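What follows are several structures.
Across the two complexes that follow, chain A remains constant while its partner is chain B and subsequently chain C.
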Partner chain A sequence: MKHIALLIAILISIPLAATTPSADTILQEMDKNMITNSSKATTRMVVHSRRASRSMEAISYSMGNEKAFTEYLAPPRERGTKMLKLGNDLWIYDPSSDRTIQISGNMLKQSVMGSDLSYEDMMEETSYTESYSAKILESVTYEGREAWILELEATSENVSYQRRKTWVDKERYVPLYEEWYAKSGKLLKTFTASEYQKISGRWQPMKILFKDELKEGKGTEYIIDSLELDIRIPEHIFSRASLRK
Partner chain B sequence: MFSFIIKGIFRDRHRWLFPLSVIIVSVAILVFAFSFMDGFMMSFVRQTARFDTGHVKVVSRAYSEMLNQKPHDLALLDIKDLLEDWRAEYPQVTFVERINFGALIDVPDDEGKTLMQADAIVFAIDLDPAGDDYHRMQIDRALAQGRAPRHSEEILISDIAFENLNLKLDDEITLLSSTVFGSMTMQNFRISGVVKFGIQTLDKGALIMDLDAARPMLDMAGGAGEILGFFTDNRFDTTRATSLARNFNQRYTDVDDEFSPVMLSMAKQGNTGYMLQVMDYGTLWMSMSFVIILGIVLWNSGLMNGIRRYGEFGLRLAIGESKRQVYFRLLSEALIIGFIGSLIGVSIGALISKNFVMDMSVYQKSSSILTENLLSTTMSMKVVWVGFFTGLLSSVLGASLAGIAVFNRQTSQLFKELET
Partner chain C sequence: MILRLAFRNIVGNGYRSLINVLILAIVLIIMVWMQAMYHSWTRLALIQQTDWEYGKGLLRSKLYDPYDSYTWEDSAVREPEQLKSAIQGGDLVPILISPASIYPKGRMMPAVLRGIPHDQDVLRLPVSGLKAQGKDIIPVLIGQNMAQSSRLEKGDIFSIRIKDSSGVFNALDAEVSDVIHIPAASADMSSVWLDLEALREVKASESLVTYFVMGDARYADHEYENFRHIPKSEYFADFYEMLATERVQQAITYALLIFLAMIAVFDTQALAVFKRRKEIGTLASLGLTKGKISLLFTLEGIHYLLFAAIAGAILGFPLFWYFAQYGFQIPKGYEDFGIQGFTEPIYFVYPMGEIIGLFLLVLCFTALFSWLPTRKITKLSPVDALRGKVD
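== the complex of A and B ==
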């Protein structure tokens, strides 16, 4: 009788194991979804700080992980502020002072426009496979979606967060929720993605809530109003000259 | 009787030379040490109040929780009317508005590209030369080059930052910081002057700009990070400041509103209160230690002298003086020696302290304590009395301990010692 029960258990577990991909495969599938060749997006960033909530609108262009350009459109105080990322360099143009300044050193740890994101977060290479090794912790249901919880360990010192925990949608291979930790194990930030849409064959979150766990406030909502993927973007946009235009 | 004791002391060199010398030297050292500590303390209170804490400070409740970080994003906004009320209600206090914030100085080259960058602390104050804060910050005295800002796009820079960034007067720099709502803000300024406060922590990297220039830059209409209050007699008193803060907070602080104002006495601000306590206890401990050490020294000296005078004691007891009378005579002598020694010691200590100035800049390079680089001593009646009574008390203590030996000797033994 014991042998029959063991046999049944083995037979049941074979198809389950066969349907669970490896952690590395999950990361590769996530990268396929999240990393685009090029993109153009109009976005809103709603910062819920201790004092008040305020909204900023921007248009952003990106080419892979290396190049990104953002121009703020509203409110009037922020209008015309531009940011350019080329590899590991980040420049900001301020129209009121007509100055372009490279953000480096300690400034990279500062908040972007008072949000829960730092310049360092903006500079982060988002390729999971290149930056992290992973292991599957468990299967859970998160916000009605079947998900794996993955523990990611950084494979190099160059990433901002040495450890992450990611809740990955089993069907779409996208992150639903992430916890970003310091090397010491302290929880620094959380990331909650929702309203996924399939655009150009890729699942993309249209709303993300970033929360800096070290400061008070209700976090920063990042809302994508329109998104185009894999489009042709003129090369001159990703040049320093475009900052002052 | 008094002149008899005096003659007795000073006709016998052994009775006065050693104890008097010890008291004079010790009291002089004590007076000098206390006057130096008082000078340090006064400088600390003066400079800390002037640049950082005021005698009292009004901030938002949220700001007070992170006071040391000076989070200007938690500043009080639109406080003009409130400030008018406070000025009317507390005429014994002069209120001045300040905004302190961290910024990045960016020095451009001829093409506008970043040439150099440095971190800075910006003090935004009322730079009206007729204003109260202009004089309190001693801007005219601190100006090493150039002049005070006359326009909102002009700024003052500390001399070390000025040199490190290879700047010249009238050069343009860009300041990067964040608004009260957290947005990035950049503004260009021209260097109108260079300041040197003689305070290492400020001279390393401080900028001074006008409040009216800072407010639009930081999107802080009618706001101030901190409102410093100074008693009109310019004297800090912990009890008075604490009582004022209590009264203010009962009237204006709303525990349900984290942006309601709260007043903090200087003694309740960060490490300042701790420093004030340490200094107070330091004086007490130092004084007590001196009394004990000097007492032990003079006790031993008294014992030595007492042994030498056993013969005399024996004779005096033999001719009818009681032990108590002998003992009190010893104490009287100690009192006189202590009085004279303390008087001379205080005078010498005061003379040494009078013109003493010490350059503290070497020690301040890694210190965040605000004191002037050139530290002078401060003589006060407190120092005089503490020095004087320490000398007097230790002399009496030493003699009273040594004199106990008189009671431990039998009259017959003392008389016997007289015979030998």
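== the complex of A and C ==
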């Protein structure tokens, strides 16, 4: 009788093992979707603070995780403000004073345009496979999509968030929702991605909600109005000279 | 005789003398007030910084520059072995600095965490209440300026997000154990004080320190790996530079005041020489040399100043006493600028040496401007003077 029960258990588990990829494979597939060689996007950032919401429009260029350039187009008060990230350095150009400031030290702790992201957060470069090892916790349905909940543990001591939990779409291998934890176990940030579209063969979220869980408010939404991937971007865009142009 | 004559002339000159005396008295009062203000401000700033930040000196990590926020995150280094006993004995107070984001009342703002041993007694910071009672919430101390900018009050609990020494985000909850008046603005603005060991634990940085405050100056005489002594001249360099700028402004104000007073003295003396030409002729006829006649007029001018000094002392006394007793209240809002010494009322101390020096300076100018109009007397013949003729 015992042998029959064992056989049944094995038979049941075979299809499960066959359909569920390993956690590492899931991370690799996620990286394939999320990490792009280059991109150009027009975005809207909507900051939902305690009292009101305000929106900013921007055009952004990026090359991998190393280089990024953003120019704010609206509202008029922010128009012309530009940000350049080169590796670990970040500069911001303020058109009203015609000055370029390198954001460093304590300034990195400040919020970007009052949003739920600090400049420090913008400097984060994350590749799932390079930074984390994962284990599958459970299967759930999240916002109508079948998903795995993965627990990510940092593989080295210098990964900013040592622990994350991510809800991964089973079909598209993209994160639907993530929780980023402090070393102490306190929940610091959440990330909700939705309205995925397939662009140049990759699933990309058109709407992302960042929420600083230590801060009051409803978070900051990034709405991507247009997105081009793996395009050629002139190198001069990622230079300090382009900040003043 | 000339002195007595000069005195009688001044007294006999009535309200004209009185106006000159009053002008000089006002100038003297303003100058003494300003001198006392600068002296007392400097003194207060030096005492505040020494008591609340500098102690008997600083040993700073060579990587740390308080004016360069780039260095704050990664400038802490290990305590040198040779200083362990001094640290345990309380002669050296280790302080660890770390930038952080704090979340007072649900808002995010940057801050600087300053870890200090809760049992230190070198600085005047009342940190004994920073000893952690439980593991969950860490008690912190903030200054009034920080309380105002963060809108935190005693008893408030807020979150702190910090990167540890490996660059990993950590977070903790803190409770404001007290809001105190920290006269040294640099120890107040954006600063959150907490127990050193608690900060080290959160930062995973055992025995790391950014700088030491010395309770005993003898530690300045040795070389330590990764640390350098910050002498007073360097620590207060900015303040002295600011003072030098203020001194220039002070000198311009003094020059202007003295100039205005001297116009009055010069004008009176020039008029006196013109109006008293017959008297000059009479004195010359009686055998007084031209030099002595000039001396008479010069002494009259000096008498103005002497009377002005007495009048200034009488008129200015209530003012001087008031500022010594109740202090000069810093106008609201100036405290936010972080100017050393501008964080509490400045109680006036009157530097007698400097005041006497100023008085002698004014005396020299008064003598000069009293004498200048009398040069005409040297060219005057007694006969012309008696006839009332002056060129």
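In the analysis below, the second predicted complex is superposed on the first by the 236 of 245 C-alpha atoms of A that agree within 3 Å, B and C clash if a C-alpha of one lies under 4 Å from a C-alpha of the other, contacts with A are read in each partner's own complex, and residues count from 1 in each chain.
As a convention for this text, contacts are C-beta pairs under 8 Å (C-beta built on N, C-alpha and C of every residue); 3 or more make two chains touch, one makes a residue touch a chain.
This one's a predicted model, so the numbers in the text were calculated from it and none came from an experiment.
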- Message: Do chain B and chain C fit side by side on chain A in the superposed arrangement, or is it a clash?
- Response: clash
- Task: Classify the contacts of A:Ser131 with the two partner chains as first (chain B alone), second (chain C alone), both, or neither.
- Result: neither
- chain B versus chain C as contact partner of A:Ala182, first or second or both or neither: second
- Task: Figure out whether A:Ser97 sits in contact with chain B (first) or chain C (second), or with both, or with neither.
- Result: first
- Query: Looking at the overlay, does A:Gln162 come into contact with chain B only (first), chain C only (second), both, or neither?
  - Reply: second
- Mind working out whether A:Arg50 is in touch with chain B, chain C, both or neither, as first, second, both or neither? both
- Query: Thinking of the overlay built on chain A, is A:Met107 touched by chain B (first), by chain C (second), by both, or by neither?
  - Reply: both
- Message: Touch test for A:Arg77: chain B only (first), chain C only (second), both, or neither?
- Response: first
- Among 5-13, 77-85, 131-139 or 185-193 on chain B, the segment whose C-alpha atoms clash with chain C after superposition: 131-139
- Common interface positions of chain A, toward chain B and toward chain C: 50, 104-107, 110-111
- Query: Mind pulling up the chain A residues that touch chain C in the complex?
  - Reply: 50, 104-111, 118, 120, 154, 157-162, 180, 182-184, 186, 188, 212, 214-217
- Message: Help me check something: in the complex, which residues belonging to chain A touch chain B?
- Response: 47, 49-52, 54, 56, 77-78, 81, 92, 94, 96-102, 104-107, 110-115
- Show which residues of chain B lie in contact with chain A when the two form their complex. 62, 73-74, 104, 106, 108, 112-114, 117, 119, 174, 176, 178-188, 219, 258-259
- Under the touch definition given earlier, write down the residues of chain C that touch chain A in their complex. 68-73, 99-101, 103, 105-112, 159, 161, 163-164, 166-172, 190, 202, 204
